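The next part holds the structures, each set out as structure tokens.
Consider the two complexes below, in which chain A is the common component and chain B and chain C are the respective partners.
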Partner chain A sequence: MMAQMLKNKVYGWLDQRFALGTMQELAGKKTVPVHRHSIWYYMGGIAVMFLIIQVLTGGLLMLYYVPEISAAHASIVTINSQVDFGWFVRSMHSWGANLMILALFVHLFTTYFLKAYRPPREITWLTGLGLLVVVFGFGFTGYLLPWDEVAFFATKVGLDIASQVPFVGETIATILRGGADVSQATLSRFFVIHVFLLPLALVALMGVHMLMVQLHGMSRPDSVKDQAVREEKFFPTFVLKDLMVWLLLFNLLAAFVSFYPWGLGPEADPFAAAPAGIKPEWYFLGMFQFLKVLPAYIGPFEGEHVGMALFALIGLAFVVIPFWERGQNPVRKMWAELFGSVILFLFIVFTVWGMLL
Partner chain B sequence: MSSDDLAQHDALQADDKLMAQVVSRRTFLKATLGLFAAGWVSMMVYPFFRYLTSSVKLSGAEEVTSVSLGGAETLAPGTGKNFQFGSKPALIVRDTDGTFHAYDAMCTHLGCTVQFKDAKDGIWCACHGGKYDPSTGKNIAGPPPKPLAKLDVAVVEGNIIVSKPGVTLSNKAVES
Partner chain C sequence: MNYPIWDVPYLGVTGIIGLISCFHICIVNFAVGGGMYFAVTEQWAYKTNDEGVYDFLKRLSKFFLLLTTVAGAVSGIGIWWAVSLGNPNSIHTLIQTFTLGWAEEWVFFIAELATAFVYYYTWGKISKEQHLKLAWFYAVFSVLTLVIINGILSFMMTPGAWLTTKNWLLGFFNETYWPLLFMRLVVFAAAAGMYAFVVAARIQDEATKTKVLQYTTKWFIPLFIIGPLVGFWYFKNLPPDAVTNVMTGIQASGVGNFSILARTFYLSLIMTGTILVFAFVGPYLNPKGFSFHAAVLFLLCGLFVTSIGEFTREMLRKPYVIYGYMYSNGIVKDKVPELNKVGYLKSSKWVHDGMTPVEIGESMFKSQCLMCHTRHGYRSMERLLGERDEQSITAFLQMLQMTDKEKNPYVGIMPPLVGTPDEVAALATYLSALTGTAANPPVKQTAALPYKPVLVK
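Moving on to the complex of A and B:
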């Protein structure tokens, strides 16, 4: 009796201040369609789960990590070997990052093939692409922080590629590098980008992305558009299912972390040769392999310039697709599907090729 | 159009002409404000741009024109080694006939550091598989678009001295 009264009182107090009633009403209206492609609705949420892990483990790593070139590598060694469960936290950050990117790739391509980018969801699609760029930025900057051999050369190559963008490339590369060589200035900048700048961008983009999802609701693919489709409540049905998936994948992550703790290469020596067998992370490997097999010159152009122009065009195609394929023209739909399939196929082929070499 | 409309139209046009001759206060203020705003933005952006592009040497790497690599006998014919030339990585190779060649070790493709692999592969870049001729530095295979930049090598009193091209050995301090 007392407890009930107290509960009502607290609820009343909160309701007056946060309009809980309105929120409950809105939440009650939110539904998710149930059909044979429903599984893909979980992908964005999975990425969010991994992101939460990244934020928490990232914050923990900052307690021991030192962003200084003579101390960075040693501080990771300390985390891995001296700090209690340091290896666990660091592995979780590295494995989590990779699984998050994997989830995002699946999210991107399934969204693409289910054509959820179509009007009115262009902004959702574009902020999603922006988020992928931000996440690549996290991957690229975070990779340097342990200051090991492969990280050093990956950064060198990555910034060299950036410097070859016409007109602005050299300036951008210099700003990122903090000079002409990969040095302390680079490490400081990458650290600031990784823990300050990109998180800001991520929060902003994610806010818009999720707001759009709330406004438009879940997209229904063409194949189930005309069918009478059952809708399930978002609260609590879908949320509980979401949490089940999260729990499952969190355990998968913990298994990877425990059985395959993330390694650390030898400390970077800026004056030593690049080690044999050097490769970027798997999500850049396809592009890397493609650049590697291009000849030095294609016609009058340097091979890598042609390759980069091609990457830029593919990126541009992903940006314009929602404005071009709006679900009204079956020929365009066919071309969009063909384009997506070819890109996905090439991405897989070049990534696997890069892994085998 | 009625004649009234036409008259009004003419009057408006006359007004426009007058306006064209005398810039209105609104236009003038808008333009001035715009100019000030642009100036203000540039003044705010410029210091931050310079701050970000400033190339300050954080670790005391100084400009180096030559380095000594020790006795010539330390590098056997048909081998090579990487070394530090000022703030840059460099590579020295000894031909089977005993002559030395030194290069800036930065691959002309995407800036990785190259190495001397063996007699068969010559100078090789681990990042993208580019190859260079050890005795000329010429790009011979893979993606590199240009030859490696050369450094001068001299053997002075049995010591290998590598220097920037064009720097004469007599008037420079040899560092070790």
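Moving on to the complex of A and C:
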């Protein structure tokens, strides 16, 4: 009795201030279709879960990490070997980043093949692409922070590649580096980008992305369009299932962390020769490998320039796809599917190729 | 030391025993936990006279019977085989010490199996009261098998007063006997709940499905309250050195020597925690949407936890197989000084006149290292020795002979290396030949041993 009254009172207070009723209505509006492709509806949520882990562990790491080239590496050593559960938090952050990017790739390609980008979800798709760029940025900048040998040289190589982009490349690379070489300025910039700029961008894009998802509900793929499909309430039914998936994947992450704690190479020595076989992280490896196998010159152009122009075109194609393939023209649909399949295939082939070398 | 040595390439003897045991424990926890679950649940079905629940129990018992009698019994025998081949010295000691215990274990085991069959085949053939009694019989027999085996397993970790008195009952009811017994009862009961989810997820009738899933979630709640308490109780009674290993892992698990122990321990804590949340958000709050796949994945997580829990418990005991008495490689701790003096291989039937140092070294390797290491696979010599040459291997081995923690950081992790300087030198020669760091390929020559080896034809 008392408890019920108290509950009503608290609810009333909150409702007046936050319009809980309206929010509940919004939450109750979204439904999720149940069909044989439903499993892909979990992917975005999985990315959210990993993101939450990144935010929490990242915050903890900042308590001990020192973004200064003579202390950065040592601070990671301290985290790994002296701070209580420091090794755990750091491994969570590193493994979590990789699993998150993997989940994002799956999310991107499955929404692509389910044609979830079609009207009215163009904005969802575009903010999604923006999020991918942001997450790549997190990966690239975060990689340098431990200031170990591979990190240093991979960043150097990565920025050198970036500087090859015609017209703007050199300027961008110089701004990122803070000069001609990877140095303290680079580390400071990468740190600020990693913990300040990108999170801001992420929050903004995520906000729009999620709002759009909430407004439009989940898309239905063509193959089940005409069937009578049961719709499930997003809140609470689907959320509860989401939570189960999250727990399972959290366990997977914990298993990686426990069995393969994230290592740390020797401290970077800018004057040493680059160790052989420097490779970027696996998510950049496909592109890296592709550039590597291009001939030095293709016709009158430099091979790398051609490669980058090609990446730009592919990126552009992903941007315009929702405006071009709108679900009205079967021929365009076929081309979109073909394009997606080729890109996915090449991405996998070149990534595996790069790993094997 | 004169038992034949089972040399398993790559996987190692430990690997084989470990794999079979992990599989076995996953089944056994259902065999014992299931006993309790059936009894309590059938009591509930009887009280509420709910045919839906009876139907569910019938289906569960079919799955249960198949799994425990076939997979459980076969893998149990598998452990016996693997351990007698892989670690004959320890099983020898255990059989000699607990002859009566083992005999009882087999009696209860047979009673358990027989009851399981009768339980399944008498559904609907005898009265409900009688069937309920069978359920309780089964529960009692299966718990009794645990009551016995638990004495022997806990003895290996904490042999307690047996060390000085050699009284087997004192060894049986040792310091960790009660906490480990309760810990296992809790874990097994929880596992039974997870198996039950798998079968319950497929119940067609929605009302029954909801009822059974929510009932089974509640089954977990007391377990998760008692679990941490008995876990703590168990920990309190462990040898301090073993606990230190886990605690140092809080800071240095990423780099520590033996940190896998600590890491798997934390992992099992995390996974246990998530299981409770999972049961709450899944089967309890959303029973209608709880699918068979989710139940299976959930079960796999649970079984993974029990396996790594057992793995941690086994690792905790290192470097002993019977704590404080016998090392993992079967060497009795008190014999070490003597063996160092007269020679470890002196009474070995596997060495004979005319053996090269490499061959003698290999004998040393097989009987002292192979129990936990392999040449090129799991915990391999190749990887662990790396680039060390014969000289530095010798220095390393000499360090492994010391029993002072200051001088030998491996004390408490690896058994001390036992043998005369010549034997140690032979081992170093063998190891450097193995890893390919030997300066010159060793010439065929007879080793100088301080004793005359026994000749075998």
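Just so it is clear, the second predicted complex is superposed on the first by the 357 of 357 C-alpha atoms of A that agree within 3 Å, B and C clash if a C-alpha of one lies under 4 Å from a C-alpha of the other, contacts with A are read in each partner's own complex, and residues count from 1 in each chain.
Just so it is clear, a contact is a pair of C-beta atoms (placed from the backbone, for glycine too) under 8 Å apart; a residue touches a chain by one contact, two chains touch by 3 or more.
None of the values given here were measured: they were computed from a predicted structure.
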{"item": "First, second, both or neither for A:183, with chain B first and chain C second", "value": "first"}
{"item": "Touching partner for A:247 - first (chain B), second (chain C), both, neither", "value": "second"}
{"item": "Contacts of A:303 with chain B and chain C, given as first, second, both or neither", "value": "first"}
{"item": "Which of chain B and chain C A:85 touches, first, second, both or neither", "value": "second"}
{"item": "Touched partner set for A:255, first chain B, second chain C, both or neither", "value": "second"}
{"item": "Partner chain in contact with A:167 - chain B first, chain C second, else both or neither", "value": "neither"}
{"item": "First (chain B), second (chain C), both or neither touched by A:294", "value": "first"}
{"item": "Contact residues common to both interfaces of chain A (with chain B and with chain C)", "value": "none"}
{"item": "Residue ranges of chain A in contact with chain C within the complex", "value": "80-88, 90-91, 232, 236-237, 240-241, 243-244, 247-248, 250-251, 254-255, 257-259, 261-263"}
{"item": "Chain A-facing residues of chain C, complex", "value": "250-255, 259-260, 263-264, 266-267, 270-271, 274, 277-278, 281-282, 285-286, 289, 294, 297-298, 301, 304"}
{"item": "Chain A residues within the chain B interface of the complex", "value": "69, 153, 156-157, 159-161, 171, 174-175, 178-181, 183-185, 270-278, 291-292, 294-297, 302-304"}
{"item": "Parts of chain B lying in touch with chain A, wherever the complex brings them together", "value": "52-53, 55-59, 82-84, 87-91, 105, 109-115, 125-129, 139, 142-145"}
